[in-house]
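Have a look at these structures, which come just after this line.
Consider the two complexes below, in which subunit A is the common component and subunit B and subunit C are the respective partners.
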Partner chain A sequence: MKNGRDCPGGKQPPGNHSFPPVSDETLAGSHEILSRRHRRDRLIRAVWFACAFFAVIIIFFILAFLLFDAYPVFFEIGIWDFLTGMVWNPTGSPPAYGIYPLIVDSLLVTILAMAISIPLGVGSAIYIAELAPSRVKAIVKPAVELLAGIPSVVFGFFGLIVLTDWIRVNFDVPTGETWLAGSILLGVMALPTIISVSEDAISSAPREVREGSFALGATHWQTISRVVTPAALSGITAAIILGIGRAVGETMAVLMVTGNAAVIPDPIWNVLSPVRTLTGTLGIEMGEVAIGSTHYHALFGIAVVLLGITLAINLFATVILARIKEKHMAVNACSPKKSGTGEKQWFARYMQKYKNILAGIVLGLVLLAVFGLMGLLAALLGYSAFRLIQGRISPKWTQRVAFSLIVFCILSVLFALGVILYDIIANGLPYLTWEFLTAPPSNLGRSGGIFPAIVGTMYLVAGAIAIALPIGIGAAIYLTEYTREGRATKIIRTGTDLLNGTPSIVFGLFGFAFLVIYLGFGVSLIAGQITLALMVLPTIIRTTEESLRTVPVSAREGSLALGATKWQTIRKVILPPSVPGIVTGTILSIGRAAGETAPILFTAVVFSTRFLPDSLFDPVMALPYHLYILATNVPGAKGQQYATALVLLGLVVAFYALAIWIRHRSAAACKW
Partner chain B sequence: MVNLMSEQSIIRTSNLNLWYGEKTALKDISMEVPDRRVTALIGPSGCGKSTLIRCFNRMNDLVDICRITGRIDFHGNNIYAKESDPVEIRRKIGMVFQKPNPFPKSIYENVAYGPRIHGMNDKKRLDEIVEKSLRNAALWEEVKERLQDSAMGLSGGQQQRLCIARTLAVEPEVILMDEPCSALDPIATSKIETLINDLKKQYCVIIVTHNMQQAARVSDYTGFMYLGEMIECGTTTQIFEHPKEELTENYITGRFG
Partner chain C sequence: MAASIHNYWMFGLAAALIIAVLAAGCTQQPGDGQETTLKVTGSTTVLPVAQAAADAFGTDHASADIQVTGGGSSVGVQSIGEGTADIGMSSRDLKAEEKTKYPDLVVTTIANDGIGVIVHPENTVSGLTIAQVKEIYAGNTTNWKEVGGPDQVIVVVGRDSASGTREFFFETVMKKQNFTPTQLEKNSNGAVKQTVTQTPGAIGYVGLGYIDSEVRAVPIIVNGEPVMPSIENVVSKTYPISRPLIMITQGTPAGLAKEYLDFILSPAGQKIVADEGFVPITS
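Let's turn to the complex of A and B:
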């Protein structure tokens, strides 16, 4: 009987159904390929793990370092006295280190800012996602994203020159540098973030669900308010948290317009009182403090408190988010939820109720503390009036009213941003000459140009992104693709969230204490780059994670089922459609890095130098810092101020425009 | 024009044309749909049957580039007339989609959604409506213990029946079903088919299906579509046993499609 071995390559006789033999060579070959692929996969996994690990470690490191520098103050003054002392006067004799007024002022500014920007932002997001005709959407959406890039110091500059003046005249007060000015400015600043992220969330509500609601005869507004928005709630919450984070942590703009008097407004709702925030205090005093003094440690104490507040906000938000998810969102469509025993369900329900009450109490307390009984009553009245009206008016009228409000929101937003842009462009353009762009400054920036500042900013941003992007993407890949949801991922995610909400000035403090002083880098380019990189890292991780998550499980399974390794699946199937999301995250990061002043304030910048940096260890000029000093310390340079603001704006907006264009192109190619 | 016997017709389309941008999707469709019967639309993929069914409750309005001429009369009123309100039409003409699309809410809230948006806030009445609708959709026994659980935790077949219950809860006159079983297994499919049979006692049901056996099993009338045209309409028995057109016969006998 013939078999394959006797006639290699020969024809099989008809009727013989044995398989053709496979030579040992090919088998060995495929084995080798397999094991090589396997080894490579393991290596890659290790790299991503290192990234994620780094991201977590750095948070704890920052925290530890701040605490280390802050603990003397708790020791000398006592935690309680430090937190509840009513007077902050570190240069008086005897010096007083009570930060209670600073804490209250920070909260007040943030709350009012959010009261302005949450309704406007969410309303605008709904308009863009749901109501805008596609042509309007094509213009407004990228425009809002572009506006996210307006650096905070530009807002601060505008606030200082225009807004405070407007408040002074219209409210007839001696100075316009007030709580109100700070809140309006912060509210406007938080808008682009809130709008962009909410809009993404609303738009990503599945079309089927929307159609399901329409098919039941729901009006457009009913569909938006009862199906689409609830489904997008976690995204909107994330947007609001990002907005709050931006507001609490904002230093420069607030510092420039709030008057910086460390007093609690009297009465507490007097929005025309000057205030001083925690961040503002750090921004003003850190540069002048003697290293190692009580005052120095007290400032680190403030940074720790600031960090503590952001932590509390984030944790609170996480709890709310988890509750929403539990209640509304899909658990896992493929695995039907195991319905527990009756007892357990009862317990879960009890817990839910309990959480509701707890959240209510906390909210009530906050309201009570801030606005007194009046505010609480007003809120209750407003809510009950809303409930009453809701049932009585025909859906059509509700829709008409709601849509008018939404259009009002988007118009106010566009108006506010338009005014700011117009003011800066109209006043800056006449001074924008070739010489201004290419010459070094002279006479303290009153003449000459800003060339070294432009170059310095570009160096800083490029370095920061080069450091943060690979680590951030790696960490995100590890978190979404390689880990099962468990305690470890929870810790890492909480860590990144915490880092994300960390005010930029805190990074500045850390960079100063660790990089500049402890490692002995001095005030230098590299210190600024690393500080900025740490600051943008969480943004990159979060946005990357989010876009990776939007790739459906079925796509992953499809690839794995074809015998692809994990890494091949990630690289070929999961990453390409995620690119637009990652680019968005990077855009936001570039904008932040280019526009931020606080982190580089003490780590990298000098006000005036004729030279470009020779090495990474030279200090640089940077546009935002230049603008800040020009606006606050150099009288008689109005033209230069506006022109600098315009250049900074133009630079950032150009970055943004490019990135948005790239994303737009890749987005067209792929849609789930 | 194809006439459907002597039945009381509830929907009548006349010379309906539809374009997606430049592309013609429906050509000169004229047909009548009888009340309290099941009418099936069959035809190969891309023949326009889903497009047609989405015209009946103006779901195509949501597609930007869609343009329509001709008329569709519901109880003798043109639903594409200027003064007619798509929201009102969709309340009376419900729809069940190809892929189950429950809202990311609890089972109870899914069913209560429709009555609520139409102004029903009485908790007791809502409870009754939810129970009745779930019973009519043959889902009550399976979910009565866990009405507050997320609807997303249900199986595909249960989700689809939930979507039907959701539609029944607003008490429409017509129920459109766009390949309601294409994502389901045979057991879930047979449950839905039994349900369709019950539904026609109270409702006019129009079902799009690419499964000819299903059309033969559940429908009283059948329309065969091809490349955007209505080739032939008639009783299901006639279409399947004595098709008048050669195209229909070829499709029925599986020679293409």
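Let's turn to the complex of A and C:
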């Protein structure tokens, strides 16, 4: 096929078949070599296509397989009754399978988490992008990125031991395992996503716009609030949606701190009520349910609903991000002209008009949540006072107030990070001995060490990367090098994005149903490796794609003009400079795979084994699972809990730090 | 460009390293040759006994690799029925439908267990009748002062819906009346205890093995007499909430499974049972 030799943008001259006179006469001798190369190139292309195709097909396969296992419950209970039933009590008499409270609780937890993390996240992003001196920025930005590396089970552990107790004492409630605890944790966990993506959006606002604003005599704050932030609004929106996706799909942290009572808070804004989310239900019940029972199918029904919710959120995010790209192109294309389309102006005006009201509502909700009715009244009073003096107060003062709020945001974020790190390091360090790192556990992990868990985690991660890396790189090469932007790439990219947004517990369920049960692998190393590989695949594809894209078209054209084949060009010209980017992506994936609990919970781990695994079909111990079991199942092992958390945290954060460092270094070294 | 080529090699090296680690993982020779594996899975209540017995058993049988996993009683029955484990652990008897589905399962009772009702150590409630416990778990009694305790809201802590302990509690104490929907649900004995330890108003139920100084076991009042959940009272059948703990095999136990079960039933094994706070069957 001629398409086979098309290059991005279609700028390449047609292949040699297209002008036979020249090639036949001058290259008669080398014709065979050429066609052999040609065949090889086509084969290679087919391999990369298979990789890319795999990434798309897998998300549909997961969905189909979950549906297949969930189908009986829809049949037995009825979809409508399943979704709207008010009681979840699978072992009651009679059993009840209504997930309405679980859906509501999931949404409530997410909404409050966002109410906490959106203001803090956007404020921090503004600080990093606009206010931070470069030396502070050099520290704060990586610190926030490290926050992304803290495994969710460590958050859950911290929440269970410290946060729930703090809430119980300070709010004087019978138990601290509440909606509020879940939301605070999720809010903190969503922060890095929101901060990083918003910061990118704010930083990428064109310089001229900013300078223009200053030139007109606007203060720094006026520039930020009226010019820069509106320009970055769609980027910030995308950040928020990604954060929501992360919060909805989170399992371990939520499961450990929300109390798991399947009730809708009464009254609905009672943040101190225990709740139970969709993910939490899967986390605690999946391991114990009798396979093939209605209860089992009902859990798969929950997974389908959860996957549906996250798919919807992610599709929404994809659409918005596409919009941004379009807008960027539009801005670039017609920047000398006056403005964009009328629709966008309308949108901007609309946002301008309702911005304050929206902000007020969000703030009101937060205060209402935290302090009840009195807080809402105080907020209303404060707001009207603000409106009253808004016109009279000098811009300088507004700026001062705004900046202190922003600094407050970033300080809160760093404070949260600091408290968590301090608690774990201070309590874990005394127990961190050489023996702890090198001995197997004994007495249910109360003594001995965690050596098999460390090794098990390494095996899991190594296997996952060995599976995901070739497929991921192949898919990325196909996407960037062999295709023109079109419907096919759009579908592949959407598939990858959806896979990226799939909650880790859903991967776990899929791994359990398909690998452990259906293929008969049993709870085994290989099942865990494959499950983790699926989870990190999108990260590898995306980071590889990005680094391939940074290689300029001129380099490709130069290579092709010298007579190199497509594959030679990729191998010798395009891949080498992309290596740092690929390594960064790989290391991030290693960190993520090492820290995740939910995907291996039902697929790969055992509570204790004295020996290291002999084959891929043996189960292993793993650090995150060991911490989860120690924290929830073994009383009287507090020192070991903290030490395990510390080791896990250290391992994952070290990987993230390495990735950040490599990226930093290659960004400095490699300028085209 | 030299730098890029260098990177390229580094990358290859890293990939080779990863593959090497993986290969080492898969091909690690079955070494000592005789190493044999026994997979034990199921009830988290039985787990401490199984684990401690496995540790002790292992000191005499250096090549025996006994892998103990939790999961719950249903998982135990399921795993042994489907052949994904060698021994299943359960804290309840086999259900009728399980017996019909897997007719070859053989049950070995390894210990008895009492289920203790526990509260925070500072809770002053003197004792509860079964009926009072039931009312609390049904959500009809909501303050400790209604049952002779301090003026404090009761936080009901229970087990998740797939737990054998919960099922037993549901049948013996609740007489199949539904639990209050506001009960906090935990997926293990240890997690219930953890929450009760941290929560002054909490009430929970755990196996005898999990009762220690961090929580207070409430005496159950039988015929006006308070009865503590203790080994003696379970043996003498005066404590009302008790049940057998079982291990399940596919057919009559044989090979390593038989050796392991024999060890648990031996005096040394039954001592472990008692050490872990359960009731030996041979006393």
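As a convention for this text, the second predicted complex is superposed on the first by the 455 of 672 C-alpha atoms of A that agree within 3 Å, B and C clash if a C-alpha of one lies under 4 Å from a C-alpha of the other, contacts with A are read in each partner's own complex, and residues count from 1 in each chain.
The rule is short, and it goes like this: a residue touches a chain if its C-beta (ideal position, glycine included) is under 8 Å from a C-beta of that chain, and two chains touch if they have at least 3 such contacts.
Predicted model, so just to flag it, every value in this text is computed and none were measured.
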For this session: Name the contact category of A:Ala143: first (subunit B only), second (subunit C only), both, or neither.
Result: neither
For this session: Give one of first, second, both or neither to describe whether A:Ala50 is in contact with subunit B, with subunit C, with both, or with none.
Result: neither
Exercise. Does the superposition put A:Glu285 against subunit B (first), subunit C (second), both, or neither?
Worked result: second
Exercise. Between subunit B (first) and subunit C (second), which, if any, makes contact with A:Ala416: first, second, both or neither?
Worked result: neither
For this session: Have a look at where A:Asn89 lands relative to subunit B and subunit C in the superposition and call it first, second, both or neither.
Result: second
Problem set entry | First (subunit B), second (subunit C), both or neither touched by A:Arg276 | second
Problem set entry | Of subunit C and subunit B, partner touching more subunit A residues | C
Exercise. Which positions of subunit A sit in both the subunit B and the subunit C interface?
Worked result: none
Exercise. In their shared complex, at which residues does subunit A touch subunit B?
Worked result: 134, 206, 208-219, 222, 226-227, 230-231, 327-333, 336-337, 339, 349, 391, 395
Seminar exercise, completed: Within the complex, subunit A is touched by subunit B residues 57, 59, 62, 64, 87-92, 94-95, 97, 99, 101-106, 113-114, 116-119, 121, 145-146, 148-150, 152-155, 163, 166-167, 170, 172, 176
Problem set entry | subunit C - residues contacting subunit A, complex | 1, 3-5, 7-8, 10-11, 14-15, 18-19, 21-22, 25-26, 28, 30-31, 35, 37, 44, 47-48, 51-52, 54-55, 58, 65-75, 77-78, 82, 84, 152-155, 160-163, 166-167, 170, 176, 178-179, 181-191, 193-195, 197-202, 210, 212, 214
Exercise. Along subunit A, where are the residues that touch subunit C in the complex?
Worked result: 87, 89-93, 160, 164-165, 168, 174-177, 259-263, 273-274, 276, 283-285, 287-291, 295, 442-444, 458-459, 462-463, 465-466, 469, 522-523, 525, 575-577, 579-580, 582-583, 586, 606-616, 618-619, 629, 631-636, 669
